[in-house]
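First the structure, in the form of structure tokens, and then the observations on it.
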Amino acid sequence: NGKMVLFSGPCAVESYDICAQIAETLIAICSELDIQYVFKASFDKANRTSVDSFRSVGFEGALDVLARIKANYHVPIVTDIHESYQASPVSEVADALQIPAYLCRQTDLLVAAGNTGKTVKIKRGQFMAAEDMEYAVNKVKSTGNEKVCLTERGVSFGYHNLVVDMRSLPVMRQFAPVIFDVTHSVQQPGGMNGKSGGQREFAPYLARAAAATGVDGFFIETHPDPSKALSDGPNLIPLDKMKGFMEMLKTGFEYGNSFNNTIL
Amino acid sequence: NGKMVLFSGPCAVESYDICAQIAETLIAICSELDIQYVFKASFDKANRTSVDSFRSVGFEGALDVLARIKANYHVPIVTDIHESYQASPVSEVADALQIPAYLCRQTDLLVAAGNTGKTVKIKRGQFMAAEDMEYAVNKVKSTGNEKVCLTERGVSFGYHNLVVDMRSLPVMRQFAPVIFDVTHSVQQPGGMNGKSGGQREFAPYLARAAAATGVDGFFIETHPDPSKALSDGPNLIPLDKMKGFMEMLKTGFEYGNSFNNTIL
Amino acid sequence: NGKMVLFSGPCAVESYDICAQIAETLIAICSELDIQYVFKASFDKANRTSVDSFRSVGFEGALDVLARIKANYHVPIVTDIHESYQASPVSEVADALQIPAYLCRQTDLLVAAGNTGKTVKIKRGQFMAAEDMEYAVNKVKSTGNEKVCLTERGVSFGYHNLVVDMRSLPVMRQFAPVIFDVTHSVQQPGGMNGKSGGQREFAPYLARAAAATGVDGFFIETHPDPSKALSDGPNLIPLDKMKGFMEMLKTGFEYGNSFNNTIL
Amino acid sequence: NGKMVLFSGPCAVESYDICAQIAETLIAICSELDIQYVFKASFDKANRTSVDSFRSVGFEGALDVLARIKANYHVPIVTDIHESYQASPVSEVADALQIPAYLCRQTDLLVAAGNTGKTVKIKRGQFMAAEDMEYAVNKVKSTGNEKVCLTERGVSFGYHNLVVDMRSLPVMRQFAPVIFDVTHSVQQPGGMNGKSGGQREFAPYLARAAAATGVDGFFIETHPDPSKALSDGPNLIPLDKMKGFMEMLKTGFEYGNSFNNTIL
């Protein structure tokens, strides 16, 4: 409907209390700024660089936290799935299923997600041309489910580095609404001795650039104290900065979407 | 043991007869050239560009063909798995499980493969620095299974294109034996209007370059008639060219492995 | 002084009349929108893909046209130089000397340009990390000339393709004011059978993105009829679209520069 | 004539004595191994990262050293030129003029080099598709000079990194003989705080790979003591390792050129 969307929460389900603190803060911000809010947290970090990294508080436990957030705060929930058997149980709690970037070509996973009838949010692979994401969208739509959106998070540019090609945003909006992933666009894959690093200092620049290019919403991971986050700490936006950040993006969102781009 | 290895077969299990024809031909070539041969075919093509592409003759049917090839020709079998539930049933037939490139960071899949006790052959992600493949190897080894090998097939270089960085071969050999994938290194992802294209004409150049750099073996998809292959036709090596091709690579393999590379 | 700057004109000096038509139109637009205007045209296209491409109306003739534009319209002039001997004669007409991207590491050229005392506008090489442009700036400043600005026009991303990494803009602004080159950022080097191609349709998206990221001004090539332009036609902005284009960028410029970016 | 060629010497003309020591050593090696030898040294390093880096012992002085090496050792000489005015005086000493990679599209420079009637050796730009080097070759041939060769030294792959795409070698051999630049293919541009770094340890791998792919010769910078070299030290091959290195490459050269590559 043209309203700006925010998918946001902690990277992983760490505890009910942290999830609740974040949900409460973001609900208030989004209400004030007329933004549609969706709570995000991963129940499992299935592709960490190292086998020793934190993954999860457990599948059941994490889904239970998500269900309580949903019930207590009346917010829709998005979380990611990694194998097709997860689609059905996760969809009992989640309103939207996110397909991780590495898995955006896995037909079984896309079809299983589509079959739940929930919104399917596909992250663009770091190895995929934007125009090829149409095939991923079509795999979901082959199930009869038309509720699909895409997410930009940068493409491989040499080693240990991603670059955001802003041309991808209008290319992918031809196929589905497009969300800009602020957090993972400043990730530096693998570069930190068994963990991925990040460049949080570039987040406001890239987020404004994406807003001005034209997108349908944003994906932002946040934490009350990023230095204590169990995953992706170097690229999280501190929770107490989220209000200023969203005000900035709301202005950019309106600017970027005020052109029909047929100027040329 | 230093003997050159060849993983080869059709891209997908199309029929018993084609599999048998290929196995018979390659067994003879490898016997003559003193190469260790492993029959390869996929039971399912799980990440085709388009949902309409050929995937499989069916899970059960394809495994049955692989089992008959193994029984009738006394060759070890490698095939790829895509979700962790497949590791156990597939390992009843396969001697080696291949992890697809897009999935090389999926911890559950690597651990499930490791737990079978079979050899795990991990393809390097098109988005991974060679040195980060050590973490993938370690995920398998965390199960106590030390039988791991890696496979090079090119990294993302712009859109619809892969480039083989030959430096990756010695980097990855620090962690595990390295196989050079001749077929997918000349693939052009997504470029062909809903299918991946390929540049078969570059296969001999890249294969010789990899051999001279130094590898432990090769992965080559072949077909009696590539123009009729149900998958990856543009980059397959015709079966009747395989003998000359392997003679060429055997010479290069010996050249590449005759240096200790501490020359500098 | 924080005022938005526009460097704009035809790609090459084709004739006095076309230059005059463009200067007159852009002077009026910039006056209305409070933009500082600099007239740009190349006296020679020294690095065309093919030796048969149009280069110039001649060194003397082209400088003469630039001098007449300057005298008749009272606008400052920027033009590019390619070898160090050109710096001195060109600086008799030009107020700013542009160093082409391929030449941004040529010490003699940078020093010769610096020695003229004119503003030196250095385009970032398609092969240079943004932070390494500090060395190019320092080569000019080694002459005692502090009037330097940098220009972003995309970096090599695979073959026949450039990508604009918006992170480069704040990185380079640490060293000097940064101009975003709208025209060449949508160029496709070499791809068109002996000529470079272009994607004019992406120009408004990338220009807005750069504005929102934060820059000091823009470089835009224009022509009354791009289909008849003697160089770079596929990426020129039509002259009659320039007013709407500049209104769009002025809004983005103010948005992008209204943050101190210490939000995080 | 199909004989392997070696262009080799110190990076820069540091002194007559070092040049003479290198020439004498390499002449003996090439004579023993039936390799055609060309002495290489730069009279000026015109595009160092930083303005403070060593450039030259002076134009006249450096040309004089090259002339004495030529006279005393009866070897042909190659050196690079950076602006068109240098072509004529340098060609009085040099038998081949090398066009630096950044300058491979500069029409005036290529034409000036062509007009000397000497061999023109063009390095491929780090930003150029291999097939586009045909236009650079044609710029030289437009002068009536058919003596052109091309040199591969890697393309931009992300920041501070080059990758050698071995497919480029057969592509460029369609237009002219191709030399593989061992030294600069392992360069890391700009990465070392104002200097370019290098990865000498990869030189034997990439050199063997290029040899096996198929080339006409090699370009290798060497020094009796790389740690004391005034330029490019981290990627030079120590002079006392050159004999073993060339033996290795001679074998690879014969292997790579023994196929007509119409196998497929």
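A, B, C and D are the chain letters, set down in written order, and residue numbers restart from 1 in every chain.
The criterion applied here is as follows: a residue touches a chain if its C-beta (ideal position, glycine included) is under 8 Å from a C-beta of that chain, and two chains touch if they have at least 3 such contacts.
These figures come from a predicted structure and were not determined experimentally.
Q: Find out how few touching-chain steps suffice to connect chain B with chain D.
A: Counted as steps through touching chains, the separation is 1.
Q: Give the chain pair, either A-B or B-C, that is connected by more C-beta contacts.
A: If we tally the contacting C-beta pairs, A-B comes out ahead.
Q: Chain C-chain D contact: same residues or different, taking over half shared as same?
A: Mostly the same residues.
Q: Counting only Cα atoms for the centres, state how far chain B is from chain C in Å.
A: Their C-alpha centroids are separated by 48 Å.
Q: Could you please state the distance in Å, as a whole number, between where the Cα atoms of chain A are centred and where those of chain B are centred?
A: Taking the average C-alpha coordinate of chain A and of chain B, the gap between them is 33 Å.
Q: For chain C, jot down the residues that touch at least 2 other chains.
A: Residue numbers touching two or more other chains: 157, 159.
Q: Applying the document's contact rule, which stretches of chain B touch chain D when the two form their complex?
A: 157, 163-167, 169-170, 199-206, 208-214, 237-238, 241, 244-245, 248, 251-252, 255-256, 259, 261, 263-264
Q: What residues on chain C touch chain B, complex-wise?
A: 157-159, 161
Q: Can you name the residues of chain B that touch chain A in the complex?
A: By the definition above, chain B touches chain A via 46-51, 55, 82-85, 102-103, 105-108, 110-111, 125-129, 132, 135, 138-139, 142, 155-156, 159-160, 189-190, 194.
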